[in-house]
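Letters A, B and C mark the chains in the order given here, with residues in each chain numbered from 1 onward.
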C-alpha cells in the first residue's frame, strides 16, 4: 500500500505546484505593477520596479475613503446574502424534494428560474432603473433586490442539484420522529448541504463585492459608494491612472481572498469524505 | 456546529433587519458629507436648505475625481463659493461613460443635476426631449459674457432658436512634437504650413532612427483629433449639411483623397506597431518618455507636457494638402462638449438666480484667469495676462492660436454628428489608418450608418 | 415527504423567490425585448419600428463576426474548463499537504473583478508591452505573435483568460460535489479492487452527473456573457474584429445611443444561449433520475 501511493503522490504534488504557480503568476505580475509608476508600466514593462515605492498605495489611501467604501460594500453584501440564502434555499428545497401534484409544474418552475443564467446583467440596467423609479427605491435599497434577483438562477441551479442528491432516508426518519417542516429544514437539511451553501455564499459575496454597472447607476450619493466604484476614481477623461487602478484593486481583492480562505477552511474543509452521511 | 449555524442565521437576520432600517434612513437622506470627494445627491429637488438663506446647486461632472482630473474646474468652483458664501455647489461626478448613462436615466425620471457636462451628440437629444433650460435669457442678462463668447462657441449648442448649452471649455487640438527627437533624426521639425508630403518624408526619417513618428492609441477610438482637423482641409463643413440631409455622400472624391492619405501614413508605419491595442493614455506615455516624435492630442495635455518634455515641446495644426481646393489654414478652437442646465431650474427662482450667478462666474474674467493658469483654454476670449514662461507647452498652443491667419471651423467635425455616425467616423478613420479598411470601404460604412439615422 | 408537501407550504416557500425574480429579472428582460422593436436613444420616447432592427441584424457584418468570435470562445473555453476544472478538483481532493493554500490560490482569479482581469492580462498579452512577447523578444525569437489586437488570435486569447479565471471557481463546485459522494461508495469500490482509473470512470463520474451538468450549464451560459475581459483587452477592436455578441450589443446601446438595436442584439444572444443550453439539457435528460 505504501509504495503504491508514494510515486503518484509525488507526481500530484508536482502537478498541483505547477498549476498553482501558473494560476498565480498574473497576480504576482499585478502586485509588481502596483509598485511601479505609470510611466514605468508602459515603457519598461518587464523590468522590476525601480523602487518598491508605496506611492500608488499612498495615492489610493489619499483619494479614497476606504473605510467607508468597505463598510458600504459589506452592508450591501450581508443584507443581500441573508435575503437570497433564505429565499433561494427554501424555494430550491421545494423544487428538489417536495412532491408536486403535477411533476410538470416542478420542472416548469425550475426552468423558469434557471433562465436568468443566460442573461447578461447590462441588458437589465435601464429597465431595472425604471422599475426602481416606479417602486420608489433608491440608493442601496434599489441595489439589493436586483442583486438578489440575479443570484436566483445560480443559487437555484446549485441548490437543487445538490439537495436532490441528499439521501431521502434521513428526511423520512426525521419526519417519523415528528419533525415539522421548518425543523426539518434547519436541523437536518441545512447541515447536510453545508458544502453547497458555502459555495453559494462564496460566489455570491464575490459577485456583489465586485459588481459595478448596477452600483454605478443606482448610487448617486458618494457616501454610499461601494469598493468597485472606487476604481473609477482613477479614470479621468484624458488620463487613466492605471497604477492607481491596480493599487486600488489590491485593496479590493485582499479581503476577498481572506474571506474565501477562512470560509473555505471552516466549512468545506470541515467535512471529510467519511462524515457526509456514510 | 448546527447551533452555531442556527445562531449565526438568527444573528444575521437581526443584523439584516437593523441594517435595512438604517439603510432606509440613509437611502432617503439627501446628502451626508463624509471624508473624501464631496458627496451630493443628483438633482436634489429640495435645493434650498430652509431658513439658512443658503442655496445649493448641483454640478454633474464627467470625471469621478474632479480635483485630480479636472483641477481647473475644481478651482473655479471653490473660487465661486468663496465669492458667494450664500451658495454651495455640490459637485458630483462619474467617469464619462457612466456619467452619460446616468444623465440619460436621470432625464427620464426628472432628476438631472442643476448644471451638468454633456456629450455633444447627446445634448441635442436632451434638448429635443425638452429637458434643458434655454440659456438665451442668461446671455441677454449678461452682455459682457455674450460678447466674450465667440459665435463659434455659441452656435455649437444652439438648435431651434434655443441656446441649450454653453461650452465647457475651448477645444483646441493638434499635434504636439518633440524638437529634440527631430534633431536626433537630422530633420527639421514641423511647423504650421508643413505639407503632407513633407510629413511623409519626416515619417521615413524618424522610422529610420527607430523613433515612432506619431503616437496614437486606437483602443480609444475618439483619439483622432488632429485627423479630424484634416477633414476640414478637404472641405468638411462645405459638405456636411448636404451629407446629413442625404443629398451627398461621405464617399466623395475629396474625402476619398483624404482617407487615402491616412491609409498611406499607416502603410508608411507612421503609427506605433501596437496602435491597435494601445489606449490614448499609452500613446501619451510613449510621447512623454520621448519614444515618439509626435502626439495627436490637444491643449488639455499641456500641463503634463510642461513637466515631461519642457522646452523641447512644439505644437502645430497638422499637415496641409496640395490636392485640395479647400482652405488649408485650418486650426481648431471650437466649443468642447457643453455644460447644460436642467429645465427644472427655470421653475425655481432662487435656484435660477444661483445658477445664473455660477454661470456668470464660470464665464467671467476671474475664471478665465484660473483656466489660463491651469493650462486650459477657457471658452471665453477675454484678454488675460498670464505669465507663460514656466509653461512652454501651453505657450506653444497660445502662440499658435494667436496667428489669426489660421482659422477654426465652427465645430470639430465629429461633434455635429449623431452618436452612431460619430462612432462610425472614428472606426472608419482608425480602420483606414490601421489598414483594416480601404478608404472607399471606410467611407461606405459611414454612409451606411448615416442612412440608418 | 408527502405529508409535508401541503400546497400551502409549497406556495409560501416559493413565492418570495418567484416574486423577486419576476419583478427584477423577467420583467426587465421583457422590457428589453420590447425595446428591441423600437428606435430609442435612451432619451425621450421610443419609436416603434417593428422588425427593422432584426432585419438589420441579420445583414450586419459585425453581428456575424461577433457571433463567430463568441462561438470560438465558447467552444475552446468549454473544452478547457470541463476537463481542466474536473482534473484540478480531483487533484485537490487528494489528501495532500498545503491543499488549503493551493485551493485558495487556484481560486483567487475568480475573486478579481473581471475588469481588473482584463487590465492585468493586457500587460501579459499586449504584442508590444506585454510580458509574453517581451520574454520572446528577449530570447531573440522574433517579435512574437499578436495575441490580441490582431486579426485572428484574440478570441483564443480570451478563451484562455476566461479559462484561467474560472478554473478555480468551477473546480470548487466539482469539489463540493466530490465531497458529497458518500464515503462508503468509494470504500466499496476500493475493496472490490478497482484501479484508480476504473474508480474514476465507473464510480466517481456517474455519481457526479448532477454536478457535471451544473458546471456545464455555468460554462455555457458564462461564455456567452463574457464582457469586461474583451472590453479591456481590445474593446472589440481593432475595428470590431474581436467583437463578441455582448460587447457589440453593449457598445451599440451605450456608445452609439442605439438602444433599440442593442437590445435586439442582446435578445438574439439570449436566445442563442438558451437554445444551446436547451440542447445540452436534452442530450443529458435521460440521466436525471
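The rule is simple: contacts are C-beta pairs under 8 Å (C-beta built on N, C-alpha and C of every residue); 3 or more make two chains touch, one makes a residue touch a chain.
Everything numeric here is computed off the predicted structure, so don't read it as measured data.
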Chain separated most widely from chain C, comparing mean CA positions: B
Pair of chains ranked first by number of touching C-beta pairs: A-C
CA centroid of chain A to CA centroid of chain C, Å: 15
So how far apart, in whole Å, are chain B and chain C when each is placed at the average of its C-alpha atoms? 36
Pull out every residue in chain A that's touching 2 or more other chains. 41-42, 86, 126, 130, 242
Contacts with two or more other chains, residues of chain C listed in rising order: 42, 129
Sequence positions of chain B contacting 2 or more other chains: 101, 105, 108, 282
Once bound in the complex, which stretches of chain B touch chain A? 1-2, 5-6, 9, 12-13, 15-16, 19-20, 23-24, 26-42, 62-65, 68-70, 92, 94-96, 98, 101-102, 105, 108-109, 279-282, 284-286, 288-289, 291, 297, 300-301, 304
So, in the complex, the side of chain A touching chain B is made of residues 38-39, 41-43, 63-65, 67-68, 75, 78-79, 81-83, 86, 125-126, 129-130, 133, 138-142, 186-187, 190-191, 194, 216-217, 220-224, 229, 232-240, 242, 270
Show which residues of chain B lie in contact with chain C when the two form their complex. 97, 100-101, 104-105, 107-108, 121-122, 125-126, 128-129, 131, 218-219, 221, 272-274, 276-278, 282, 418-420, 423, 427, 430-431, 434, 436-437, 452
Chain A contacts chain C in the complex at 8-9, 12-13, 15-16, 19-20, 23-24, 26-27, 29-30, 33, 41-42, 45-46, 86-88, 90-91, 93-94, 97-101, 109, 112-120, 122-124, 126-128, 130-131, 145-146, 148-150, 152-154, 156-158, 161-162, 164-165, 167-168, 171-172, 175, 181, 184, 195-196, 198-199, 202-203, 206, 210, 212, 228, 231, 242, 245-246, 249, 252-253, 256-257, 260-261, 264-265, 268-269, 271, 273-278
Which chain C residues qualify as touching chain B in the complex? 41-44, 56, 122, 126-129, 148-150, 233-235, 237-241, 251, 254-258
